[in-house]
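Here chain A shows up in two complexes: once beside chain B, once beside chain C.
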Partner chain A sequence: MRINVIKAYFKKEVIDLIRNKMIILTYLIPLMILILFGFGIKMEVTHVRTIIIDNDHSKLSLEIINKFSHTKYFDVKVENLTYKEALHKIQTNKADMIIIIPPSFSKNLYKGAQIGVFIDGSFPLRAVTLQGYVEKVLINGFNIKLPIKIENRNFFNESMRDYNAIVPGLFGLIFLVVPASLAAIMIVKEKEVGTIFNFYSAPITKIEFIISKLIPPFLFHSVNIFILLILALYLFDVPFRGNFFIFWIASEIYILISVGIGLLVSIITSTQIAALVLSVVITIIPGFLYSGILMPISSMGKESLIEAHIFPVMYYNHLVYDSFLVGEGFKSGGNILYFFILCAYAVILITLGTLFLKKAIK
Partner chain B sequence: MKMSAILKKEFLVFFRNIGLVVFILYAFTLDIYIAGKGIKVTPRNVPIGYVNEADNLIVNKIISSFHKPEFKKPKMFLSEKALKEAIYNKKIMVGIVFDKEFVKNLLSKKEAKLQVLVDATAAAQAEVTLIYLQNILMKFGNNLKLPATIDIIKLFNPNSNTKWFMSLSELMSNITMLGLVLIAVVFVREKENGTWDIMLLMPVRGSLIIFSKILSQVLILMVGITISIGLIVFGAFDTPINGNLFYFYLISFLFAFAIGGIALVIASVSKSVLEVGHLTIVIMLPLIFLSGAWTPISSMSPFIQYLSYLSPLRYYIEATQDIFFRGSSFMDLLPYLGAELLMALVLFYIGYKKIGRLF
Partner chain C sequence: MSSKFQALDSKNILLEVKNVSVSYGKKIAIKNASFSLKEKEILGFIGADGAGKSSTLHAIAGVVSFDGEIIYKNYVYYSPKEAEKIKNEISLMPQGLGLVLYDFLTIKEHFDFFRDLRGLKKAMEYETKLLKMAGLYEFQDRLAVNLSGGMRQKLSLILSLLPRPKLLILDEPTTGVDPISRAELWDIVNEMRNNGMSAIISTAYMSEASKMDRILLFDEGEIIAKGTSEELIADIKDYTYEGEMESKECFSFNKRTYCLNSLSLKKTTPTLEGVFFVNALKKSKKPIIFEIPKKNLQMPEIIVKANCLTKKFGKFIADNCINLEFKKGEILGLLGANGAGKTTLIKMLLGLYPIDKGELYLLNKRIKSYEDRIELKSKIGYVSQKFSLYKDLTIKENLDYFAKMHGLSVNETNKKIKDYSEMLGFSEYLNAFPKEVPLGINQRFSVAAALMHEPVVLFLDEPTSGVDTVARSAFWRLLRKLKENLGISILITTHYMSEAEYCDRVVVLKRGIKIVDDEVEKLHKKYPGLDFEEIFLEIYKEKNEN
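Coming up: the complex of A and B.
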C-alpha cells in the first residue's frame, strides 16, 4: 500500500465530487430526510375534527362536550344535524368523528342509556387511538371510579414526544441509504464513462483503489453525523443521555457498512442510474421497516423478527436510541454485543467487495 | 395515426428493457404485498413482563387475560429490579408490578393503584398499549357498571385492518415514484442520445410528440395499477370498495398526467438520466411523505398542511380513500378531479415551453 498513490487518487475523487455537484446532494438529501420525516411523520393523533350532536341539552351532556373541548386531541364543533347529514360529513372527509348524544340521555342513565360514537376508520392507527381517547374522556365525564387505576411510569421518552420517537430512528435510515448510493455511483461512473480502464492499466492495486474510492464518501458522511446530531438536539430538542463516543464510533462503523454495500452494488451494475436505483431499493425498505420508527423491534412477530436480525439497521438503531434516550452505554451487555456485530458486518462487507472486484475486463 | 406510431415506438423501447419490466412488475405486486403484510402500525405482540409480589390468585387471572394478538405471553420476573433491567435492555415494553397493597385494595373494593412501567420510546405505540391495558383491566374488581353504554363504531374498517390501508398507500407511493422516473427518462434518454432533436424535426407537432410520449407511459402505469388492484388489493388482501371503481381509474389517469407534468419539468432541466434520478429523489420524498400517504395530514404542522395543497398526490390520496373506504359519490369527488386536471395543464404548459422547441 503506497500512501502517495492513495493520496493522488483521493484528491482526484474529491475534485470530481465537487465539480459534478454531487457534494450538494451528499449534504442536501440527509438534511431533507431528517427535516421532512421529522416534522412530517406524526404518529400521535391530535386535532381530530369532531362533531358532537347534542340532542339531550342537559347538564351532563354539556359536561361531556366540555371534557372533549378541553384537550388538544379534539377540535370540537357542536352542530345540530341528523345522523344522515353527519355521516355525509365523514364520507366527504369534512369530519373525522361524530358523537351522538340521544334525547333524554341523562334521564336514562343506568337504564340502558346509549351514546353513539362514529369514527372514520380509514386510518387504522388513528381509529384505534381515537377509540381509546374517546373511552377515556367519556368515562371521565361520567364521573365514576374505575376498579383499577393505572399508574404508569414512562421510561426513556417520559413525555411521550413524537420527535423523540422518530428522529433518532432516522439516523439508521439515512446512513444506510445515502452513503451506499454515493459510493456505488462514484465507482460505476468510471465504468460508464470508460475511465475505469485507467484503473485496469495503471499500477495501482485493488486495495489502494478501494481505499481511495471509499474514503471520500466515508469522510463526507462523517461530517453528516455531526450536522444531523446538532439538528436532532437543537431543532427537534431530542435529549442525549448516552456516551457521545459510543454514538460517534458506532456511526462511523455504520457508514463503513453502508459504503461496503455501495461497493458490492457497484460490482454488479454497469450504469449510474442502475447503481442508484439498486442501492436505494435494497437499502430503503429494510432501513425503514427495521429502524424501529414504525414499530418497536421487540413487538415484531417471529418472521419479521428474524428478518430484522439480518440487516444491520436494527443493531445500529438500538445503539442510537440507547445513546439518545436510554443512556446505558456499554454498561449493558446487549449494547457491547451489538457494537461488535456492527464491526463484523463492516469487515465482512468490505472483504467481500475486495474479493469480487476485478482488476480486468470481464 | 401519427400518435399511434409514437405510442408503438415507446412500447417497443419499454419492452426491450427486460430488467425494467421485471422491476415494474415487482413494484406493482410483491413490493405492495410486503408493505401490506409487513407494516403494522397498531401494536401487536407487545412483549410484557410482570412481578408478582402479592402471590394471589387474582393476579394470575389478570395475567391470563393478556394474550395474543395484542400481547406476547407475559414473562414473570422475580423482582422489580430485574423487570426494570429487562426494559432497559429492550427485552420487554411493558412491565407490571403487582404489589401487596394493590391486591388488598382490589379485594376490598377500594381504588387499587397498579404500577405499570412503560418503555415509551415509540410514543404512539406506548399510548395505544396503555389503552389496551386500561380496557382489559376495566373488567376486574368491583362489578363495574357504566351508567351508559358507549357504542363505538369504526366506520369503513371496523377491525382496523392495516393491510387495506398500507397496501393502498404503498401503491400510490409507487405510482408517484415510477411515474416521475419513467416519464422523465423517456425524454432525457432521447436528449442524452441526441435523438430528441430528430424527434422534433419530424413532421409532427411538438406538443403531440410530448403528449403521446407521456400517454404511452401513463398507459403502462394504468396496466400496472390494474395488475396491482386485481392481484394484491382485491386478490390477496380482500379490500372492500364502497365507491365506484371506475372513478378510481379516472382519478388515477388524471393523477398520472399531473405527475407526468412534474416529470416533464424535471426532464426539461436535466441533461442526463443520473440527474433525473437525483432530482426525482429530491422531489419525490416530500411529495410522498407530506401528502398524507402514511400519516394523517391533520396532525402535521399548519405550514406543511398549507404546502400540501400544492401536491397532486394529496388529492389523489384523499380521493382514493374516499372511493375505497368512505364511498363518496361523483359530485363529492369533483374538486379532486378538477385539482388534478388543473395541475396537469399548468405543469404541461411549463414543461412544453422548455422542452418542446428546437435549440
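Coming up: the complex of A and C.
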C-alpha cells in the first residue's frame, strides 16, 4: 500500500467535496435528522380532552376530579351527560377520554366499586399510554387506604424524558444512512463520469483504491460523532453515564460498517441516483425500525427479532443507549459481545467489497 | 523493471496481440484480433461506433477481460490482473471529451493528483513543456469544468503523457474536437513519438488515416484490413469507378462507385472509405433502394428566412446576428467546430429557444408569439443529436407515439408506419427495441418519426455521428430522395466534412458568427484541388488570422 495514492485521492476528494458543495449535505443532513426527529417524536401524551361524569358527588369523587385536573396530562371538563351522549362526544372527536364515576362509588369502595374509563383507541399507542396514566392517578393518586398500591420506578430514564429515549437512538440511524450514501455516491460518481478509468488504467491495487475512497467519508463523518454528541448533551440535555471511549470507538467502527455498505452498493450500481436511492432504502428502514426508538428489540415478535439481529443497528444502539443512560460499559458481557459483533460486521463488509470490486469494465 | 524488459527486446516489436476477443454477455465486441506494433510506430484503428475498436484498446490497456494473449515486450498477459505489471508503461485515454477529468479540480490540481496517483516525482521542466505544448500554461488555475471541449481533450492527453508512457493508447481523441485543437493534438503525439513513444489511436475520421504509420480497419467486431493507407487504397483500386449511380449491386459514395463486377465506367483512385464498401460487397451485402413516391408540395420559394438572429447565455453570445435564407428543395449543411453555435441556431429556428434579437420568418410568416411557434413546430420535422427515441418502446410503438402526438388518426398512423418502414427499409425491425438494432436503422426510423406529420422542412442535428460508412452513404441517398421526390428542404449539421459534398449549400459558423455561406460547387471552384475537409480548415485558418 502506498501513501501517495491515498494522499492523491484524499486531497482530490476534499477539494471536490468542498467545491461541489456536497460538504454542506455531509454535515447538514445528520444535523437535520437529529433535530427534526429529536424534537419531533413525542411519546408523552399531554392535554387529553377528558370529560368526567360525576354521578357520586362525594368527597372522594371530587378528589378524583381534582387529581385529574391538576396535571398537564389532562384537560378536564366535568359535565352532566348520559352514557350515550358522552360516547357521542368521542365519536365526533370532541373528547379523547371519558371517566364515569357511578353513583354510590365511595360507599361501595371496599365492596368492589367500578369506575368506567372510555378511551379513544384510534391511536393504540396513545390509548395504552393513557390507560397507564389513568391507572396510576386512580390507584396511587389520593390519600385513602387501598388494599393495593403500585410501586414503580423507571430505571435509567427516571424522569421519563422523551429526549433521553429518542436522541441516543438517532445515532444508529444517522450513522447508518448518511456515511453509506456518501461513500456510495463518491465511488459511483467516478463510474458515471468516466474518471474510474484513472483507477482501471493506473498501477493501483484494489485495496489501495478502496482505502483511498473510504477514508474521506469515514473521516468526514467521524467529525459528526462529536457534533452530534455535543448537541445531544447540551441541546437535548441527555445524560452521559458511560465510558466516552467505548462510545467513540464503537461509533467509528459503526461508520466503517456504513461506508462498507456504501462500497457494496457502489459495486452493483452505475449511476449516482441509483446508488443514492439504494443505499438510503437499505439503511433507513432497518436503521429506524431496529433502532430501539419505536420499540424495544426485546419486545419484538419472532420474525422481527430475527431481522433485528441481522442488521448492525441493534448492536450499536445497545452500546449507545448504554453509554448515555446506563453506563455499564464493558462490565457487561453483552456489551463486549456486541462490540465484537460490530467489528466483525466491519471486517466482513469491507472484505466482501474488496472481493467483489472489479478493476475492469464489466 | 523497465530495464529488464528492454534487455529482452530484440526484434523491435513492442506489442503483439494474438487472437484477442472481448465479449459483453452474449454480445461479441471484437473477435480474434491479431496484430503487432513496432517501437515508435503510430497504429490507427478506424471504424464506426460498435466496430470493436474501444474493446480492443481496453484489452491492451488491461481494463477489460479478454480471451487470447497479449505480449508487451516479452511479457505475456491474459487478463487485466496480469496486465497490472505493465500499467506503469502504458497510458490509456478513454473515449469521450475529457472523461478522466474532475470538474472541480484546476489544471494544476490535476497534475498533482495524477503525479501522486502514479507515484511520480515532480518534474517541473517536463510538466511545463507539456502544458506549453497543449497551450494550457496560462490557464493552470482554471477549473476543468470551465475548459472548452478542445482544451479538456488536450489536458487529458498531456495528463496521460505525465508518466512518460512507452505506449500511448488514445480512444477517439479527436471526435467532437474542433479542427484547430485536432491539429494541436496531433502535434503533441508526433513530438512524443520522436522521443521514442509508440501509440495506438482510434478515430472515426478517415482523413486522419494519413497521419498513421499503419491502419487497421474495424467493421462489426472484426479487423477487415491492415496496412498503410496507400496499401489499403491500392487493394480496392480495381473496384472503384468514377461518378455515382443507383444500383442493387454497387455502392456509391462521395463521387465514386464501388462495384465487384466490372463496369463500363472510368476507374478512379479510391478513398479509404471505399474499403468498407468493398468489404460489404464481399460479404454480399446490397445497398438499399429507397422508393419514395413523387409528391408536389405547394411551397413558397423561401422556406425559412432569419434576419440577424442572436442568442445570448449570460455574457456568452452563442449566436451573433446570423442571417440565413433557406430555399425550397435545398439541402443546407451547417458546419462548425464544437461550441460554434450550430445547435443553438437550430433550436432557435425550431422555436425551442426564445430569440434574443432578430426576426424569423417561416413560409413568409413572421414568427413572434407562442401560437406562431406551435404552428411553426407542426411544419418542421426534427431529428436531434442522439435521436430522441423511447428506448422502452419498440420501433413501431415509438412511431405510433410520434404520430399520435401530432394528432394523426389510427388509420392514418398505421398507413404511414407501413409506408415509411417500407420506403426507408426497416419494416423487418418494426417490433424490435431501438437498442437491439444497428445505429443506422435507428437513424432511419428517427427520420420516419420526424416525417410522420408531413413537415415541409426537416432539421437534422448530427444524424450521422458514429454511424458506419455504409449506413451513412445509404442515409445520404435517402435525404436526396426525400428532397427530390417529396420536395422537402433539409437542414443538416455534421462533423464529417466529406458529407458536406452532398449538400447544395453550406453555412459555416465560428464562435457564433457566420463566416461562410456559399454553394458547395462555388467553394470547390474557389479552392481548386482540395477536398472539403481541407477547404474547411483553410477557411477556419483564414478567419483566424483576420
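Miscellaneous remarks
Going forward, the second predicted complex is superposed on the first by the 284 of 362 C-alpha atoms of A that agree within 3 Å, B and C clash if a C-alpha of one lies under 4 Å from a C-alpha of the other, contacts with A are read in each partner's own complex, and residues count from 1 in each chain.
In this section, a residue touches a chain if its C-beta (ideal position, glycine included) is under 8 Å from a C-beta of that chain, and two chains touch if they have at least 3 such contacts.
Predicted model, so just to flag it, every value in this text is computed and none were measured.
In the superposition on chain A, A:11 makes contact with chain C only, while chain B stays out of contact range. With both structures placed on the common chain, the touch criterion links A:91 to chain B but leaves chain C unconnected.
Of the two partner chains, neither chain B nor chain C is touched by A:104.
Of the two partner chains placed by the overlay, only chain C lies in contact with A:203; chain B stays clear of it. In the superposed model, A:280 makes contact with chain B only, not with chain C. Once chain A of one complex is fitted onto chain A of the other, the partner contacts of A:289 are limited to chain B, with no touch recorded for chain C. Of the two partner chains placed by superposition, only chain B is touched by A:127; chain C is not.
When the two structures are aligned on the shared chain, A:55 is found in touch with neither chain B nor chain C. Against chain A, the residues of chain C that register as touching in their complex are 24, 58, 61-65, 80-81, 84-85, 87-88, 90-92, 94, 96, 99-105, 109, 112-119, 143. Interface of chain B with chain A (complex): residues 19, 23, 31, 34, 38-47, 72, 87-93, 106, 109, 111-128, 130-135, 137-138, 140-142, 144-158, 160-162, 165, 185, 273-274, 276-278, 281-282, 285-286, 289-290, 294-296, 298-301, 304, 318, 321-322, 324-328, 332. Partner chain C is touched in their complex by these residues of chain A: 2, 4-5, 7-9, 11-12, 15-16, 19-20, 193-195, 197-198, 200-205, 359-362. On the side of chain A, the complex with chain B involves touching residues 25, 28-29, 32-33, 36-37, 39-49, 90-93, 96, 105, 108-110, 112-129, 131-136, 138-139, 142, 144-158, 160-162, 164-165, 185, 271-274, 276-277, 280, 285, 289, 292, 294-301, 304, 318, 321, 325-326, 328, 332-334.
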